[in-house]
Structures are given as structure tokens and as C-alpha cells.
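In what follows, chain A forms one complex with chain B and a second complex with chain C.
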Partner chain A sequence: MSDILLEVKDLKVNFYTYAGVVKAVDGVSFSVRKGEFFSIVGETGCGKSVTARAITKLIKPPGRIVGGKVLFEGKNLLKLPEKELKKIRGKEIAYIYQDPSSALDPLYTVGYQIAETVAVHNPLIKIKNAFTKAVEILKEVAIPDPVKRSTNYPHELSGGMKQRVVIGIAMVNKPKLIIADEPTTALDVTIQAQILDLLKELKEKYNTTIMMITHNLGVVAQVSDRVMVMYAGKVVEIAPVEELFEKPLHPYTQGLLAAVPNPLKKVEEIKAIPGFVPDMINVPKGCRFRPRCKFATEKCLQQPSLIEVEKDHWVACWKYWKR
Partner chain B sequence: MAELKYYLIRRLITFVPTILGVLLLVFVISHAVPADPARLWAGGEKAKPEVVEMIREKYHLNEPMHIQFYYYIKDLLSGNWGESPVTKRPILEDLADYFPATFELAIASTILMVIVAIPLGIISAFKRDTIIDHLVRLFALMGISVPVFWLAIILQWIFYYQLGILPATGRGIEPSVSYTGLYLLDSLLAGEFDKFVTNLSHIILPAITLAFPGIGVIARITRNSVLDAMSSEFIDFAEARGLHGFQFYRHVLKNAMIPIITVLGLQFGFLLSGAVITETIFAWPGIGNYAVKAINALDYPAIMGTTLLIGLVFVIVNLVVDVIYALIDPRIRF
Partner chain C sequence: MVSMPRSRSFKFLMELREKNQARIKELRLMYEVLKKSPLALIGFILVLGFIVIGIIGPYITPYDPIKIDFSNMIKERLQPPSWKHWFGTDEYGRDIFSRVLAGARISLMVSIVVMAIAIPIGIILGLLAGYYGGVVDEIVMRITDIFLSFPALILAIAFSATLGASIWSAMIALALVWWPGYVRVVRAQTLSVRESLFVEAAKAIGVKTSRILFRHILPNVITPLLVLVTLDFGSVILTSAALSFIGLGAQPPTPEWGRLVADGRKWFPTRWWYTFFPGLAIFLTVLGWNLLGDGLRDMLDPKFRRRLEFRKGDTNE
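Presenting the complex of A and B:
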């Protein structure tokens, strides 16, 4: 068990809206192993970003973490006081946010923003002295002319460069875990590949662990070791990446993969999953995919829990329960 | 910083046509009024035609408009803003007497606004939807809704009539030397601390009266812009980076500054243009007071001079605000 870096157990996050309670994350459990590239995929609103932010308690009202445990190196982060969490955020667990244009403060130079991230976690270093560190990290994330770039404001950089800066901010304190929340979604397709390569390269170099959230299956295939699929606030399947793409077990995962055109085959017809994502206030009883599932039976009115069908391949579907 | 320099130069160049516009407006307005100034200055209805004609000659009133405008600008630039037929003094001298009083009052009430309204707004935002927030918002609403004349009289009634701790009217005692025309500053510079205390006691009530509506507006703006800044993605990210304390709040506050500076600049401009009601109630010898007297006496050179001064003040305050913008926000420098 010592190779497990992060273990999330039965995490529950609710959002209290005027229309009702949204159970955005409803009993999610998974673990991330040291040194792996773990991806979470799912559609918009399936709770993947909320899961990512809940790990260091970055949920703001009207959202609230209502249950579960987040064990990071054995410590339950959800039980830690805010003061301790602040020491972990950006130092042990660093984030990469989706849109680099809005993740950086427009009024400060990128060098300053990297430097302050260093200084805030190292009381002995003053921001002024951390600028050399900022230039170093900019070089590390392959930004040309890092000395000059460090004095630029965010609006003077391109989207791809800004995302490199954000990655630099995440890397600068050599965190044990990087949570990348849709790191390529806001970027051009050509830049996406570069950013993914950079992430992979830095992960090897610093020997860190990455947990990536995305809705893009192509991105998942390119970089991940293991993948977790979420649907409507629940985990439906966890598997090593090849296994998931070759032998998806959950009907939702199967539908998801069928809906992605394969560039090697002539596209006759893209098979959309029938129906709609459920209303998160009035979720269907039992398995949440049941109303859209062609294999649905009586049994599916009860929520199936995850079972390990093959080694490392977990799925939450009654189909695979031996009765 | 190079772009900041170019921005300043560009901004200064656009300053020129604005000033010209102000001049033209003042000039046109003064000529649009139906009264005949030459006849008026010659003594009204009973004036001798020769005298009226002489005044017309002297002030180029028979020339076409654009020639008159030329003389107007030429005189303004050479420091001749005309002479008041009422006070028999050059307008510029009158303005130099009255404007410092208004300037001093404006600065005092702006300082009050800043030290009261901005902290209130920040507290209100950070304690959003708590009882503190509601109280601050109620106070701000009061500030905006209370009429100035009522507030002025109530303050006088309480602090002068009932408690007798503050004077009701006037500006205090003139310091023996006049470096700036600002009594408080001059009395400090001259080392006359007793006069400083007296003058300070005189400025308190009018300053509070003037600051009160501004406090309401600025507290609200501060609250909203802080909340706005707090809801932005980079503040979330700042939190995710582990920033805390001053390191964290400087990101919030700096981003909340722009709207606050805008409103503060506008308020300061209004205060400098003379608060007619407040200056009248407190017998404060400021520009508002002067303007009212000039209007009552149909003192055209004085009216034009005051209007021009107020216009200039507004344009300059705007320029200063724009420069502050550029210092805060690098995106504006382009």
C-alpha cells in the first residue's frame, strides 16, 4: 500500500442552490499511485473538477464537502485546519487551472507571480530574491528569453506561453502531486500537444505524480497510465489506459468511446449516447446511467458499487456482478 | 516602463484639445446670454452711449466672434482673466483667494472618504451577508440619501449649539504667512500650532458634510469591486497556490482599485468645483461661494473665470486619474 500517494474515500460534495441540493460529487473513491499519470474523464458537470478542488478543500459556498476522506500520505486533508492546508496547496499539491488567461493576475508580472509562489512557501526567501528561481523555471518550461519574459505581464504573452507559466508556477516548489484541471482545453490544438509533452517531460524529470482532469479522450490516451471515468457525480469505471480503450466495460464508457470518431476508420456515423445527462437535482434512482442504458434491468434501480473485474480494472455495473 | 512614458505623452497631447474645448464652451456660453455687458458695466439703463461705445472698443466687443475669441485666449495666456466690475479686482486674484479654501476643504473631505469608506467597503465584502455587511450597507444608503443641507444644519445644531465644541461657520484664523493658501498647511509651516488647531476645528463639520454622500458611494463601490475581484479565477488560483495573508489580499485589493479610483476622482473633481450649498451654510469662503455671488451680480468675467477654472480642475483631475490607472493596470498603458 505504500505506493499510494493520494486516496479519496467516499467523497461527497453538495451545492446548495435555490433550485435544490446538487450532489455534484456523490461518494467518489479512488487512489492515485506515486509517480503515475492518473486521468479523470467525464462530461461537463459530472463532478470531475469539483473532485479535484475538494482534495485541498478549495470548495466555496454554496458548495460544501459533506463527507468522505482525502488521505494524502496518510493524512486526512479534510480534517486539517486551514492554516495547514495553505502550506500544502502550491507546495505539496499544486494545481494547474484550465484557462491560463484568467488564472494569472493581470496586474503583476509573470516573474513576480512565480516568485511569490516560491516565497510564500519558503519564509527564508524574499520575493525579490526568488526572481532568479522564476527565470530558472521559465527556462524549464521552455519559454524563450526567460529573463525578459519574466518581466512581462500576462497580457503580453500568448495563451500557450501563459499555460507554460502556470505549469511553471505549479512545478516551482517541486510538488508531490500536480492536479491539472483541463490543462489543454483553452488552448489551440497544436499547442495542446506541446503542453501535454511538456507535462509528461516535467513529470519524469521531477519524478512527480499527475492527476489530470479532462473531457478529451484523445488527451487521455496520449498521456495517462490509469483512467477513471465519472458520470453524474459517480465513478463508473477505473482501468489502465490501454485496457479501457480496448475493453471498456461500463455501458457509459462504451458509449463514450463509440461517440469519438476513430481517425483510422472511415466515419460512417458517430454513435451518440441516447438521452441526456440527468438533472443533478433529481437524479435517477439507482445507477445514474440507467435511463440511457440499453442493458438496464430491474436490478439497476439499486446503485451498484465498484467491483474489480480484472486486475486493476474496476467497474460499477450490475452486468459484471456474478449472481 | 517605456510604454508608460509613451502613454503619458499621448495622454498629455489629448489634454490640449480638451482644454481648447473647455475654453470654447466658456466663451460661447458667455456670449449666448441675452444681457449686454457693455451697457451693464457702463452703469445700466442710464449709461451714456459714448461710455458704452468706449467700453465696447476697449473690450473688442464690436469685433467678430473669432477675433474676440483670439483676444480671450491671448489675455488668458498672459494672465489677464479680466477684472471683476463688482470687486474691482483682477479675476485671477479673486480666484487665488477663494480657490485654496475650496481645495483645502476638498482634500479634507477626500481624506475622510478614503479612511472611512474604503475600509468599510472592504470589511463589508469580506464579511459578506453577515450583520456587519448589512450595517455597512445601511450606513452607505444613509450617506447617499441624506440631503446635504439637512446634514449640515443638524451637525451645526449638535456640535455648535448643543455641545459647543466646534465652530459653526468660517474658516478660522489666517496664518501669518501664506505659502500655499491652505490654512492648515500654512499654519503648520509657520509653526503656529494654536492656529492650526483652530483651523482644524473649523474644517471638521464642512468636511464631514461634504464627505458623507461620497462615503456612501465609495463604500458601495469598494464592496462591489472587492467582491468582483474575489470571484475571479486568478484569486481562486492564488488560493490554490497557497498564497495567504498580505500576499493574497494584495491581489484582491489591487484588482479592486480601478473602479474605486474612478469614483474617487469624480468625487474629488466635484468637491473642487465648489460645494455651493455646504460652503454657503458654513460661510466657507470658497469657489462655490464666489460663484454664487458672481451670478447674483451678473459679474460675467467672474462667472467665466470660475467656470473656466472648474473646467480646468475637472480636466486635470481626470488626467491624474488616468495616470493612476496606468500605474495600476499595465493593460491600460497601451
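Presenting the complex of A and C:
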């Protein structure tokens, strides 16, 4: 099992709001292998981003991590003191954010911000001296005229360029794991494809691992090796990407794939999943997808756990427990 | 060959210009605002004049502002304004113009010292309260509220009465009552900047908390603080004059403006120049800071700027 880079076990994150306790992530377990492109898909509010942030304890109050383990190269990150975590953040595990315009500090040049990332993890380097590194990385993320661009402020760059800078910031310390939280959501489609290609290319070049969070199944299909589907704070299915698209097992995954319009076929009606995402304060008993599931039975009043139906294909549904 | 160095220096200038493009634009915009708003310009000139006099004032006084010339005292005392004594003389025959000039130094010093103490306290407490929230926020803000629940002048009177009447205790007293306003402004701004993604992004690359606070949050909250500080410079000068007026600030023979007004009071209104000119100095200085503060707020307010940019664009095309 040495090829596992990150293992999340039974992660639980609660948000203590005035309306009640929101169990945003409720017992999520998965592992990410070295060198793979792992995607997490799910609707808005299903706990994808919270899971990603919890990995390096970036959850802000009123949220709190209430249970579970995050093993990164065998170390439990949730047990590490803040000081040690700071050494891991940005050096071993780096983040790419959804909205590049707000992920960059408006008052510093992009070169400065890349240089800062280098200097933070290297006390011997002054920010001023890390500028050459910044120019190098800007070239790496395919920004034209990197010397000049490094002296630009974020507002002087386009959205796609800003996202390249954010990717540059993530890449500059050559982290082992990059967590990309909806890296393409804020960009238009042509730029999306470029950014995804860039991510893939850099992953191969630096031999890192990428964990991407998205709600876009097209993006998932384009780049991922394995996919995890989340629903209402729980994992419903984990499978290699081809398997998931050819043979989705969980009713939710099936519904999700059916709801994506195929550009090659003219459809009369997009098949939406009936019903709504459950209220996260009063979640349904048992399987959380039960109220919307057409296969629901008595048994679904109990929470199913993940089982490996085929090699590498895990699903949390009673349908597959019969055997 | 001849044009070589020239073209090189030209290129260098262009490069310099390109590098500082954002800053140049900023300065041009400030210039535009000043040009469009005569009041801000007046404020700027008054403040500039005050600062210049505050720095060189004591060296350019026509007469000694403190020493009493006993040999001519009887002859020179309480003279009305004339070419010899522009602002007249006081009861000891001292030149009031000289005393007012020298007084600018004291007011400048008081306001700078007070700000130099109050601003760092305000920034540090405001950042901590806003960034950490929770218990830290509660403790800091409740203490701040206690200070704010007294009128500044009353509290300053209490402090400087306790510390003993002198210009230094007046400064300390003013600094002690002035920081709560800054805590509030910095905290409120911090609360909103803290939620920005770039703060989380900074955390996610492993930046130390102190660096996040002072390098990423502080520069983003400084603008409203700057406006408030400019407006407050006038108030500090006014309040320190008030303290001296009631005898708790500068002690004679220090030529403090509030003190001069107080001393001239007993000769008022027949010897009007004694109170009038120091009073005018206070008035112009405070007015100058307030006008400048208002202008600065307009300058830094994006809405106002956009209006100005639009207007400029219209006339050009």
C-alpha cells in the first residue's frame, strides 16, 4: 500500500450555525494514490470543498473537524501542531482556488506573490531574490512575456492568466499533492480546456498528484483517473473514470450522468433528478439519497457503507449488498 | 553617435514610466481631484503651511517668543498690531506673531506624538480583534467601548489632571483617549478582509499569522484609517488647545495656542489681538486638516473616483 499518498478516514466536519448543527462532511473516507488525478464530484453544498479544506485544517469557525484521520504519507495531519502544518501547507500540499481574482492579494504584484510562496518555505531566501524563480514559474505556466507580467498587479491580468498565476503559486514549491478546488469554474470554456491541459501537463512533468474538486462532469471525464461522487456529506461512489461513465452503480450517479445533456443527441427533455438536496440540518435517516431514489426500500432506512463491487469500484448502496 | 546617450536615457525614462504606471496613474488622479475640488486644495495648502511653520517656525520668529525684555516691557506691552508687531504684543511686551509661529511647533509635535501612540495601538488591537474574533474580540471591544463611553475631552481632562499638568501629560492623555476610534475602524475593515479568499490562500501556502496580519490584511484596511487619521489631526490639535486653555496642558511660558487664547481672555475685547490671532491659528489649522481629510476621502472613494474618471473620459473624446 505504499503507493497511497493521502488517506482520509471517516472525516467528520460540523458547522455550528444558529439554525442547528450542519454535518457538512459526515464520515468520508477515501484514498488518493501517488501520481494520479483524483476528482471529487458533487452538487453545490455536498461537502466537496469542506473536505478539501479539512485536509490541511483550513476550516474556519463556525466549522470544526469533529472526527476522523487525514493520513498524508502516514502522518495524521489533524493531529499535527499548527506549526508543523504551516510547513506542509504550500510546500507539500498546495491549493488552487476557484476564483483566481479573489485568491490573489490585490496590492502585490503577481511576481511578489509567487516569490512570497518560495520565501515562506525557505528562510534563507529573501522575497526580492525569489523573483527569478517567479519569472521561471510564470514561463512554466505558459504566460507570455513572464518578465514583464511578473511586475503586473492582479487587476492588470485576465481571468485565465490569473488562474495560471494561481497554479504557478501552487506549483512553485513542487508539492506532492495539489488540491484544486473548482479550478475552472470561473473561466469560460476555451480557457477551461487550456487550464486543464496545463494542470495535466504539469502533473506529468513534476510527477505530482492532483486532487480536483468540481461539479462539472465534462471536466471530470477530460482529465481524471479516478472519481469520487459525493452526496449530502457522504461518499456514494468511487470508481475509475471510464467505469463510472460506462457503468455507474449508485442511483445518484446514474441520475447525475443522465442529467448531463449530450451535445450529439437532441433531447426533448433533460432528465433532472426529482426532488431536492436534503436540508443538511435535518438529514434523512439512513441513506441520504433515499427520498429521491426510485429504488428505495425498507432497508435504505439504514446507512449503507461502501463496498467494493468490482475491482476498484466502490459504492454505498444496498442494491449491491444482496449478493 | 551623439544621440546615443540621449535615446538611452529616454528609453530608461520610458521603462521607469512603465514600471510605475500604476503609481503615476494614482498621482495623476490625486492631482485631478485636487484640481476639481478647490476646498481640498485649500485644506492641502493650509496643512502644508502649518507643517512648514511647525518645522521652521521657531527659527524665523522676528522676536524671542519666550524671553521678556524687561527694559522695554512697559513701553511695549499690549501694543495693537502694527508693522513692528504684526499680531500686536502681550502684557509682557512679547511679540504675539513670534509666539504664534513658535506655537505651531508645539501643536505639530502634540498631534504627531498622539498619533504615533494611538495609531499603533489601534492597528494592533483592531487587527487582533477582527482577525481572531471570539473571546479576543469580546475583550478588546468591551475595553474599547468603556473608553468610548466617555467624551474624549472629559476623559483627557481626567487623565491629564491625574498625570499632572504639563504638555507631556496632555499628550499621553490624548493618546489614551484617541486609540479606541482606530480600533473600531481597523476591526470593522479586518472583519471583511479576513473573509477574502486571498487571506485563506495565504494561509494555504503556509504564511505565518503575523505576516498575514501585517502584510496582507493591514495594507487592505489602511485606506479608511488614513482618512480618519487626517480628520483627527485637526481634532487632536483642537483638544490639546482646549486642555491648555483650561490650564491642564502646556504651562507658561510655553507659547501654546490654547494657552495664548486663555491668557488673552482677561484683556478681551479691548485688546482683541491677544486672543484673536492665536485663535485664528487654531481655526485655520483645524479647518485645513478637515478639508484635507474630506478631500482625501473623496480621493480614495472608488465611487467618487469613477465619476471623475467618467467625466474626464467624456471631455477627452
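FYI, the second predicted complex is superposed on the first by the 322 of 323 C-alpha atoms of A that agree within 3 Å, B and C clash if a C-alpha of one lies under 4 Å from a C-alpha of the other, contacts with A are read in each partner's own complex, and residues count from 1 in each chain.
Operating definition for what follows: a contact is a pair of C-beta atoms (placed from the backbone, for glycine too) under 8 Å apart; a residue touches a chain by one contact, two chains touch by 3 or more.
Predicted model, so just to flag it, every value in this text is computed and none were measured.
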Joint occupancy of chain A by chain B and chain C, clash or fit: clash
Task: Examine A:201 and indicate which partner it touches, taking first as chain B and second as chain C; both and neither are also allowed.
output: neither
Query: After lining up the shared chain so the two structures overlap, which partner does A:145 touch, if you call chain B first and chain C second: first, second, both or neither?
result: neither
- request: Examine A:308 and indicate which partner it touches, taking first as chain B and second as chain C; both and neither are also allowed.
  value: neither
Message: So in the superposed three-chain picture, is A:242 touching just chain B, just chain C, both, or none of them (first/second/both/neither)?
response: neither
Task: Quick one: classify A:91 as touching chain B (first), chain C (second), both or neither.
output: both
Message: Per the contact definition in the header, classify A:103: touching chain B only (first), chain C only (second), both, or neither.
response: both
- request: Just name the clashing stretch of chain B against chain C, choosing from 98-106, 188-196 or 296-304.
  value: 98-106
- prompt: Do chain B and chain C touch any of the same residues on chain A, and if so, which?
  reply: 56, 58, 60, 86-91, 94-95, 97, 99, 102-107, 116-117, 120-121, 153, 166, 169
Statement: chain C partner, complex, touching residues on chain A are 56, 58, 60-61, 86-91, 94-95, 97, 99, 102-107, 116-117, 120-121, 151, 153, 156, 166, 169
Message: So in the complex, the part of chain B that touches chain A is made up of which residues?
response: 232-234, 236-244, 247, 251, 254-255, 328-331
Field: Residues of chain C that touch chain A when the two form their complex
entry: 19, 22, 133-134, 196-198, 200-208, 211, 216, 219-220
Statement: In the complex, chain A touches chain B at residues 53, 56, 58, 60, 86-91, 94-95, 97, 99, 102-108, 116-117, 119-121, 153, 155, 166, 169
